[in-house]
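Heads up, the next two complexes both have subunit A, just with different partners, subunit B and then subunit C.
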Partner chain A sequence: MGELNTAAAQQDKTRYRRLKRRRHGTTEIIVTVILCLFALFTIFPFIIPVLFAAKTQLEFAYHPWAWPKSFQVKNFIDAWKAVRIDKGLLNTLIVCIGSIACTIPPAALAGYIFARYKSRVTEVLFYLILIGYFIPVQMVLVPLYKMEVALKFNDTLYGLFLPMAAFGIPFWTLIYRSFFRSLPNELAEAARVDGAGHWVVLFRIMLPLAQPATVLAMLLVFIGAWNDYLLSLILLTNQNNFTMQLRVASFLNAYGTDRMPRYAAAAIISAAPTVILYIIGHRWIIRGTLAGAIKE
Partner chain B sequence: MAKVVPADTVRLAAKKRVPRREPGRTLFIFFCILPALLFLAVFLYYPIVETFRISQMKTSGLSDEVFVGLDNYRKLFADEEFLAGLRHVFSWAFWSIVIQLPLSFFIAFGLTYYSNRMSNTLRAIFYLANILPSAITAMLGKMVFAPNYGILVTIGKVLGWKWLASADFLGNPKFAFWSVFIIATWAYSGFYIIYFMARMEQIPRDLREAAELDGASALRYAWSIVLPDLNYAIRICAVLCTVGSLKLFDLPYLMTTGGPGYATSTLGISLYRHGFINWNYGKAAAIGVVIFILSLVFTILQFTFGKRKDE
Partner chain C sequence: MKKFNVFVLACLLFGLIAAPSLFAANVTLTIWGRDIPDDSADHLYVRDLIAGFQAKYPDIKIDYVALGDPGLMDKTKITMASGSGLPDIFQTWGGSVMGGYADAGNLFDLTAELKSVPGSLAAQQAMTWKGKIYGVAPFFAVAGIFANEGIFKTYNLKVPTTIEEFDKVCDTLLSKGVQPFACGEKDKWPALALYMYLTNRYGGDASAQASARKLAYNSDPFIKAAQLYQNWIKKGYFGATPLGEGYGDAQQLMATGKAAMHITGSWMCAQYSNPEFTDQTLGFYAFPTFKSGGVGTAADIMGMTDIGFAATKVAASKKDAVVKFMKYAMSVEACQSDPGRICSVPGVKAKSSLTAQASAVFASAKTVTFWWDQDLPPSVTSPLNDTIQSFFLPEADVKKALTSFEALCIENMGPVKK
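== the complex of A and B ==
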């Protein structure tokens, strides 16, 4: 997480590099062209649904790849009605918010303890939580489902975001731990001398200082919850509770390619929030993803 | 209190003021760790233990549980779908390491070595597919490989290549695995690229300048300096490829539902089918245990062979 703090240093580095740039060599041009071609390949599939969603069904059937004659907004409206996108968006939003609310506070508190209150007991507990980081979700699906049925949690949205949060907590505990470790200790100690208790130090000083980590966690937990497919597929059975991803996937299974333009429209709507978030915050998202990977 | 105290004294005083054993402190620690532990206990630790128990039972959820010992495992190793999934774990991991990692290394090196105004944008583009919902990634994959309207088929039609125009990539056992693999490469390589780039940017600039002074080409620099330096990063990514192939579910399930036949079956898909379509909990839990054991083995391998040299 130290990466977040060194953003300025990073910028300096890039500036320095730009100043020191040499003349363009032939290899450089060739490699850059190849890389741009790769990038085109990477970005090309994103154009497909836009191309399809703009067409009428007839147009798609005869010329799937021709440029659309006019932009059919109707597809988006039809898709909205057919898949009940309003309900899907609402469900997904509830899952995302619930997941954020249940992942971040426990992870932040636990991460703080593991960073600042080291003892033999907390060390053992830390390894206990670390285990969760290495457990593949697939392993626990069957008992999880059985338990949720027993608790009457299955087929509810909280029954989805609670386990989702549990699977995210180990990772974010690790991130918060390394973030709190990178913070200077002086401020907290000064407050303690002034008579502030553990809780006051945590809530008034440390948690506000951890804001960059929290913003990042909110962003990434949101994207993760928005994109989830496997857990929702298993835990939700009632159409009414379906999240966006389930709706889009089941739409394709139900209609195949007969309704492709509408389907593409639904897909665009369901992918839009993550893509927009990424376009706005890609520097942050990339840096945060790496912070998790590099520390471990 | 108005007296100015040197920082050291403050620190000493703080240490004296806060004795190690005080009830408030213990309570504070307890309440801070409690929520996280509660979540994990209910949704992770308990299900883990349950998985092992259920895997020795014959149960469908509705009927009573009957203890059958290792019978579920014995049946699994006679189950075509499971065995195909198990084979695919290894072939998927192998091809990811052989294809995705070198490709990512090349892209990352190109972007770092010839760093220019476009590098950051290109990096963002390469990682874009990683944050897409897998339902959408799979849909895009279908649009590339589908018969009748897929991109490849359309290209075949335009060029007049009959074999391409009439190809059914996802319906043909020979091509289905590779079709899913190509889409996965497109979707997942972004992570390796940004990870390699971050590592490459940490290589001291002096090394590159020294190499250039000695007249080393880009290729030579990549081979003799960057590649050894990224040794650890590459091994981490290799482990990620392996663990990722264990967990594989969304993409093959959404693109081909594991078919045709068992051509793209994975452990995740066979677990889902046994557990949540055929309602055979015992068998599904046994697959869960197999996934757990394999990921444990891979993780231990990472820790024994993956130690960083400078640690």
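== the complex of A and C ==
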């Protein structure tokens, strides 16, 4: 009797496990399907331009959502020729690197000071710097342009990345401040006991620990500078100095959506570098964002 | 002999060093334009203008910067507001926008130099502000009806010659599953041309009177035109979702024969006659008048500059070069490469039948009313387009909308003088 009971209990257990597995399996399938749908929604905007760019104008006009009959490489060639992205690439890289070089070091230093040396003066200074974060670029375009002309900075690449850095420093100071605040103070104190000075503590201990924030800052400043249109449009005039984004925008503005296949080809070409950059650096971006957010 | 050799060598060396600078351009004109000077059909004029001018005047270098639209407008606005870093010449449609720059003292008066340049009077007027000519307009655009000839033929219809005929034609088209009008109202400005025509046909020079503050924008002609417009929208003549269609979508509807008419500017002639853009046969017609009860005539045309150039105050030091450029821009030689626009220069033949039809409409014009959103003070132009867009909401009270717009005009342009 007892054996029978044990056997029945075991059977029940097995049935329960199977049921659980089946239920678990069903939930997994539902979750996977939902996630796939979400993924499709995310990927769709990336697929659409490819679908459009592969068609002739007439084919697009009649069947915008259909699969292309043949792949029109011509759209990409025309877009590339008109935009001359190769010419803009070097300018954009200079602007991006300049922007990173002028944004991150001052923001990191300021963030460190505001995090570690609290006094009324530093607090007031911090909030003064923070005001800069709330000033939209559009609001200061006219005086900025006037100042650049007076300093003969207009139509130069440094004349572009310096204001970009000025607009970026307040935000990154805020991020670095919260990041440094989240690091244990004991590390710095221990280093000081060992005879380390302010610079050694900052460069040998704090900054290496703030690596996720620095990588995040580098990537986002780079992407921001890469995608900038308004400042580049206003501050650059000579076509030789045009950044990639400005070239692409001029092309898109000159053609408009009435020539969607060529427009889509140019959009793909312009977006490709940032998408690739994001794919390479997305781990750091996520890690950096979470680190800054959670530890605060 | 040795001295002679040294002399010859020195001369050669001098020649090598000095020659490039002797033959190099001694004046550089910076021009901010809209179009990229490439092989695209509607960019051919700009491409050939620059190339042709450089060939004709090798001593003048052209530094042409293509900014597209709205890039050109945004950059010009900022630089004009700062009054520094201006180009020598910039592309403009003229009107009050250009007038604002002139009032700020940023433009260069070329009245004496350009007064006698041959061209249409309307084009010259568009580049004139307060009696001073600031530039040239080699191409002019007029609004009219682009009609799909194939669709009209298939359903045995005729393009309306009176406004009263529109209802019958549009109802027939709707019953056959064809959208009567393509518009692109999502972009706001495309609805303006039809409203301007309807207002003119109801009230003649009502818009001129309103901008001179002799008539209110909520007076009879404006309200009647808005009511008729909204009535057509309610009947579905502009499709089921007119506010969801942009100007590009409207073009696609025409290109594929899904819509029968498009009331827009003649700048579309190049595309609508391009077999790569559309396989439909389109015609261009003047906007009709009322059979009875109307004031405006078929010779009252709505339009404005298509391509225009104005000189800034920076150009004062390069006056000769700037005048040469302006005159060359208005030459037959420079204008003949454009395949689709209406040329305001006499002697330039239209390259397509569509352009020829649009040119004929322009030639028949007795009065030309400039686009309100380019000719009225900039402070009221955006609200004007918003007001017209509100007509597309079936529940909207057009009288109320126009009264609000009039209140704004009183604030910005002053009250109506009686």
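Criterion: the second predicted complex is superposed on the first by the 197 of 296 C-alpha atoms of A that agree within 3 Å, B and C clash if a C-alpha of one lies under 4 Å from a C-alpha of the other, contacts with A are read in each partner's own complex, and residues count from 1 in each chain.
Following the convention adopted for this analysis, a contact is a pair of C-beta atoms (placed from the backbone, for glycine too) under 8 Å apart; a residue touches a chain by one contact, two chains touch by 3 or more.
Since this is a predicted model, take the numbers as computed values, not measurements.
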{"item": "Partner chain(s) touched by A:K152 [first = subunit B, second = subunit C, both, neither]", "value": "neither"}
{"item": "Subunit B versus subunit C as contact partner of A:R120, first or second or both or neither", "value": "neither"}
{"item": "Subunit B versus subunit C as contact partner of A:W199, first or second or both or neither", "value": "first"}
{"item": "Which superposed partner A:L141 touches (first subunit B, second subunit C, both, neither)", "value": "both"}
{"item": "Which of subunit B and subunit C A:G132 touches, first, second, both or neither", "value": "first"}
{"item": "Which of subunit B and subunit C A:T173 touches, first, second, both or neither", "value": "first"}
{"item": "Partner chain in contact with A:I286 - subunit B first, subunit C second, else both or neither", "value": "first"}
{"item": "First (subunit B), second (subunit C), both or neither touched by A:A82", "value": "second"}
{"item": "Most subunit A residues touched (candidates subunit B, subunit C)", "value": "B"}
{"item": "First (subunit B), second (subunit C), both or neither touched by A:L252", "value": "both"}
{"item": "Subunit B and subunit C footprints on subunit A, overlapping residues", "value": "64, 141-143, 145-146, 149, 230, 233-234, 249, 252, 257, 260"}
{"item": "Complex contact set, residues of subunit A against subunit C", "value": "56-58, 61-62, 64, 81-82, 141-143, 145-146, 148-150, 154-155, 230, 233-234, 237-239, 249-258, 260"}
{"item": "Subunit C residues touching subunit A - in the complex, by the definition given at the top", "value": "30, 32, 34-36, 38, 40, 43, 63-71, 74-75, 78-79, 81-85, 87, 246-248, 251-252, 255-256, 271, 276-279"}
{"item": "Residues of subunit B defined as touching subunit A within the complex", "value": "7, 10-11, 13-14, 17-18, 24-25, 28-29, 31-33, 35-37, 39-40, 42-44, 46-48, 50-51, 54, 61, 107, 110-111, 113-118, 120, 122-129, 131-136, 138-140, 142-144, 146, 148-149, 151, 154, 186, 190-191, 194-195, 198, 201, 217-218, 236, 243, 246-247, 249-250, 254, 267-268, 271-272, 275-276, 281, 284-285, 287-289, 291-292, 295-296, 299"}
{"item": "Sites on subunit A touched by subunit B in the complex", "value": "13-14, 17-18, 21, 27-28, 31-32, 34-36, 38-39, 41-43, 45-46, 48-49, 52, 60, 64-65, 102, 105-107, 109-110, 112-113, 117, 121-122, 125, 128-129, 132, 134-147, 149, 162-163, 165-167, 169-170, 173, 186, 189-190, 192-193, 197-199, 202, 223, 226-227, 229-230, 233-234, 244-246, 248-249, 252, 257, 260, 263, 267, 270-271, 274-275, 278, 282-283, 285-286, 289-290, 293-294"}
